[in-house]
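One chain, chain A, links the two complexes that follow: it is found with chain B in the first and with chain C in the second.
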Partner chain A sequence: MSKELLQSLLRLLIALIVALIVSSLFIIFMGENPLIAYRQLFKGAFVGKANIIRSLRWSTPYIITGVAAAVAFRAGVFNIGIEGCVYIGGLSAALVGVYVTGLPGPLHVALAVVVAMIMGGFWLVLPAFLRAFYNVNEVITTWMFSYISVLLCQYLVTYHFYDPFEISQAAQQVRTSYIASSARLSQLIPPFQLNTAIFIALGITILFFLFSQRTTLGYELEMTGLSPDFAKYGGINIAKIRFYAIIISGAIGAIAGATEIMGVHFRYIHGFSTAIGVNGILVALMGRLNPITVPLAAIFFGSLQNGARVMERTSNVSLDTINIMVSIIVMSITAEGLYELIRVKRKARKEE
Partner chain B sequence: MLEILFNAHTVKTGINLATPILLGALGGVICYKSGIFNIALEGNMLIGSFAAIVGSYFFGNAWAGVLLAIGVTVIASLIYGLFCITFRANVIIVGFGFNMFALGITGWLLLPVFGGKGSFFDPSTPTVGNLKFSFLENIPVINTLLNGHNIIVYISWLLVILLYILLYRTAIGYRMRALGENPDSLRVSGLRGDFYAYLAIIISGACCGLGGAYLSIAHLAMFTENMTAGIGFISVTAVIFSKGFILITALAGYLFGMAHSVGIQLQGIGLPTQFVEMIPYVLTVLMLIPTAFRIKRVYFKKADVQVK
Partner chain C sequence: MSSNFILEMKGIVKVFPLAENPVIANDHVDFSIKKGEIHALVGENGAGKTTLMNILYGMYTQDEGTIILDGMNINIEDPKKAISYGIGMVHQHFVLIPSFTVAENLIFGYEPHKGLFVDLNKARQLASEISQKYGLEVDPDKKIQECSLSTQQRVEILKILLRGASILIFDEPTAVLTPQETKELFKAFRELAQDGKTIIFITHKLREVMAVAERVTVMQKGQVRGVVNVKDTSVEELARLMVGRDVSFTQRRVKRVSDSDKILEVDNLYCLDERGLLALKDVSFHVKAGEILGVAGVGGNGQNELVECLTGLRETINGDIIYKGRKIIKFSAVKIRNLGVGHIPGQRYTRGICKESDVLKNLIMGAHKKHPLSKSIFLNLKQIDKYAENLIKNYSIKTSSKDAPIMNLSGGNVQKCVVAREFTLARDLIIAEEPTRGVDIGAIEFIHTQLLKKSEEGNAIIMVSTDLDEIIALSSRIIVMYDGCIIGEVSPDITFLEEKVGLLMAGIA
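Moving on to the complex of A and B:
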């Protein structure tokens, strides 16, 4: 375990170095000093109470979507349609928040989350079914479903669930009414957007840890991902596992949308997801699908993005800089050849 | 009703919408046949469309833009190839990462290069012109189908034929296909598999670059963030649907374009915009369903996701 973790960390380090080198080149190209930029970035992400709180706020949805992606990837199915589930979940939660009234607070929140989960899971039934039982490429179907869901949510809100009391109903502003106060997640430190969703994220992480380390189903899931033939030989119904992996992944992804709506925006605003689902996939891959490292990767990603948001106003370093960095990390993370290159060199040096 | 849906304008729009899909799919076919499941087409096209508008804007010539697009995309796809082939990383993960990388880099460069965020539009930037054959003008149907299209459209038709010849009539194509079906056979013959894999990646990069250029500088010189919006994935679908048979791939690309074009006409009779925009995505899912009922054949090694 410890050796495995060490190796995993080593790989992450190498990937990070590669990413830092490449993004430094870009920052130099932009005419700025990368060292100063990184220092500012770090400051914006981790130094000072306000920055830490904001970093946590941005990390919260990534933890949830990161776990969502990791569940599917562990089973060897590449569900990249989590963005769609975020939208579906956000809209369902908003609708429950707006149209269901008279429930006590916690119950209302729970209802909204559960409805979001059901809708999010349900949304991916077709891709999951096709992948699990008929081997239809899930990479494309889930990605297409996320486009479809974004458009569908836009349609539904524009034509059916728009806010009737909104006076400045501009064409671009697609939004529902505000949700009832009983369905809102309370803010932890009032002026900041950080809210109780972080506990939901924490709970999901713990459940994911227990599920993958302590349950038979978690083991079966992992075996299906690592070696389908072996799993089949061992009597695991791999089609079923794959099916449920995608559904569960969608359901968890939908929670991220629901908490964003219930904790931050308090209404469905089209485009509320700042690529939460897509970034969750990057987080899961960066965290190497491990229940301990995925949340850490989410915090890393969210914090850096927060740092970049601060820097965006004064310099050329922006959110995109961080996205480039993280995507390079993700590209390097499965690159066996890259590590062998380094290992071989080290071996050669030892022999000298 | 039918006249509203199928007229000369629909055909024109259909061809217009199909061309980037077709060009992407051509790149995808070459990779598919060489055993690389390339989902980085999307990112390649995005980079291509950005490079095209940069070239066209700064050199004042649309063809400079096209050439820059092809050059930059080939380099970008070589990076993708470096990870996939030399570093033996998981193709899907690298592809996904690459798409995100392309999205980030084009969005980021918009600000320093053009001084704006989100999108760039400049009417004075030169665009690739249309080609008119005067001898076709008097033939009714042929005229609409074949005449007056963008030059890149004609290049894409030419590419279909050229790539068909390359794949099925030359030694290089034969080896590429051998690489896709059985990589060991190349090794047995003493040939370097990596070389042919890289060659496929380069060709696919060039096709995607051209497709990207078509998106940004064919009619209007315009670039918006994430302007490919899934076209690369639709191209991949066209490839899977056709099992990598290039002529069917081209037809599948045109099917997407035409269906979308008919959908746009439907908007005129009251279909909400969102549903019109949904059509290519829904069609993509529908076109993948037949692959479920196919006799299993190992054309390419489908990479299982193994990150650990």
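Moving on to the complex of A and C:
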């Protein structure tokens, strides 16, 4: 293990410990014992068959959205509209699952995923184009587009794709019919919700790794993100790279939505995504956009969330305090990356 | 004698201890000015004049030496202290707030109050008074962004006068002025001097020195080469003092090139700079295969813009650029690069390398899409490793490994990475900007040897440098840029080469 990697891991550990210490102050303030709370957290995340399986189930969508965010961020474009793509992907997969008939299982699933990807990518064409060629800030456009997406999906399902056997005008009950069994992802360990989506997530991770480390496009994307001047001057078409980065990012994000629908809910239902896309951004940043550490961060985050749920049930620590704790942990881990950034910038300034 | 001098700087030493290339910016410099005098400070890039004035203005502190103002020893810790001593600086790049009015800029930081509020009327009044007093007309209510550059400069001058400056330092004040505006500025200098103010101005334009200054201090390589009265000297003497080398230790290493193809031809090139002013005015030249064309000149006379036009990074507004018979003037940077034009950029750390990445990834840029480093969409990692290792070996790049972060390397080795990459990719034309700036002696030698090798292989090389030693040592031909034009061409074999080049650099053809 190289010296730099070791140092990095050490700093990560310190960040985590600092976060836990700071959070414990909040827990003490609430009148609870932080050690007990943390024990519950750890147990809830990693101990016991049920907990481990649930942690994995929750990690799966984060792996996918984490990779989606990482692809864009590596190119220096901050696509934060992944949540919108999750919805688009979910709805597309649901519609393929409901209205396309006569296909064998694997083909039906593959079609749903492909359609979801196309729709997810297509959804971000306008923000991608505006950013790549007119330098319109993508943070604003992609974020706004995710609002549009959620509301659009709501509208489409409420008025056009609703379940005719269970019509309800209540907003919380907006949903499509159930998708055909051929479009469902196999459950791995019933009654838990862990399904074959985890293999899809694994596949996406491997593809991300190959893409960034082994392809010319991956190299160009990385250089465009790290140093656009250098890339442009080196002959790379940075506008095209930025455009495709956002589109691909949207397509991958849509897969996360599709797998949630096809593997867990079996129909599009309002609120199916509990900030999967948004948390994907966190996961990508925690994992430093790296194809090996982003999935690890996703598993960490998914487990943390699951552990927090258990902690809330079994201890007296309120959900809000738990959220504070999770936030502090995420912030510390992300902030640790600042060290490297400052070091490089300082050296560059000295040399100029 | 001393009673005449309002300010004396004695034995000033300032060293910048950079790791590989410690620079003695000021080497026991003595500098004195008389009250009410207009004094010019002259020298080429790196002579130390800006550093000296920065010490006077409080931006730096000297390592050794004393500053005596009005007979009293003083310490100038920061610009605010300098102002309190009556020393003010008008910078080359103005420090005004574009959306504020003239009056608001004048009082900035020293606002007169009326209760809780800023007294803008008083500000306006102050502005009018002082502008009339010195004949520097300004409209107090006009926004800075709507004012011409010469008006902005006036505001800068008024600003420091309002703060009580009696010694005014100007850094290249005529860079942004038209000839007419220059005349007006010099008129203002004379009026200020008559009022008892002392003027120091830094310039490389010797004609201006002869026109308005009373005395001149000439610096070169951190030392004072001479202090003369303007009426007792000539531009030739000044040029000699400015660039004259004691001994010709700069060995000439180039052989003459006679008959070969013109690789690059530039005809009547015009382009604009960021401010919308003409940066290149009717520039024409050519380079032949095997030649090293040295582009000399004080920085800021259009060299940067010229290179940007040649490499497709800047739009031109007139003229032609012909590369190996093809008109490339409208070509994009990508296209020009793919035609095999190598470029060692002046901005080493933003364009030359990716500072967040490692040596290997920096070395393969440009070659990564071609055989044998890649096959269709996949990178051939083994070939890439071999390629990088070859470059590291052939260019003696000192690095712990090819995967080391490039910023771990010393400045000289970073530049060697850039040189290695560009020299390997380039076919027929290499444009090198300041190839050895900030590089240690050993690496300078190496890079120069590589440049010569490339030219012997038949490549055409354009070398833009403010380092006259480098220009003299390596060029087959020398052109000098001044004020956006090529003011003259010199063959390196003539006698009094340095003086001739010095004169050209100073604007005297």
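Annotations for the structure displayed:
In this text, the second predicted complex is superposed on the first by the 299 of 352 C-alpha atoms of A that agree within 3 Å, B and C clash if a C-alpha of one lies under 4 Å from a C-alpha of the other, contacts with A are read in each partner's own complex, and residues count from 1 in each chain.
Basically, a contact is a pair of C-beta atoms (placed from the backbone, for glycine too) under 8 Å apart; a residue touches a chain by one contact, two chains touch by 3 or more.
Keep in mind it's a predicted model, so treat the numbers as computed, not measured.
In the superposed model, A:Gly234 makes contact with chain C only, not with chain B. Looking at the shared chain after the overlay, A:Leu226 reaches both chain B and chain C.
More residues of chain A lie in touch with B than with the remaining chain of the pair chain B and chain C.
When both complexes are overlaid on chain A, the residue A:Thr196 reaches neither chain B nor chain C. Looking at the shared chain after the overlay, A:Ser24 reaches neither chain B nor chain C. Look at A:Gln187: by the touch rule set out above, it reaches neither chain B nor chain C.
In the overlay built on the shared chain, the residue A:Arg214 is in contact with chain C alone; chain B does not reach it. When the two complexes are superposed on chain A, the residues of chain A that touch both chain B and chain C are 226. Per the touch definition, chain C reaches chain A in the complex via residues 18, 311, 313, 333-334, 337-338, 343, 345, 347-357, 361, 364-366, 368-369, 374, 377-379, 381, 405, 407, 411, 414, 438. Residues of chain A that touch chain C in their complex: 4, 214-217, 219-220, 222-223, 226-227, 229-237, 344, 347-348, 350-352.
Those residues of chain B whose C-beta lies close enough to touch chain A in the complex are 39, 83, 86-90, 92-94, 96-98, 100-101, 103-105, 107-108, 111-112, 229-230, 233, 236-237, 240, 272, 274-275, 277-278, 281-282, 284-285, 288-289, 291-293, 296, 304-308.
Chain contact summary for the complex, chain A toward chain B: residues 8, 26, 30-31, 73, 76-78, 80, 126-127, 130, 134-137, 139-141, 143-145, 147-148, 151-152, 154-155, 158-159, 225-226, 228, 278, 281-282, 285, 288-290, 316, 318, 320-321, 323-324, 326-328, 330-338.
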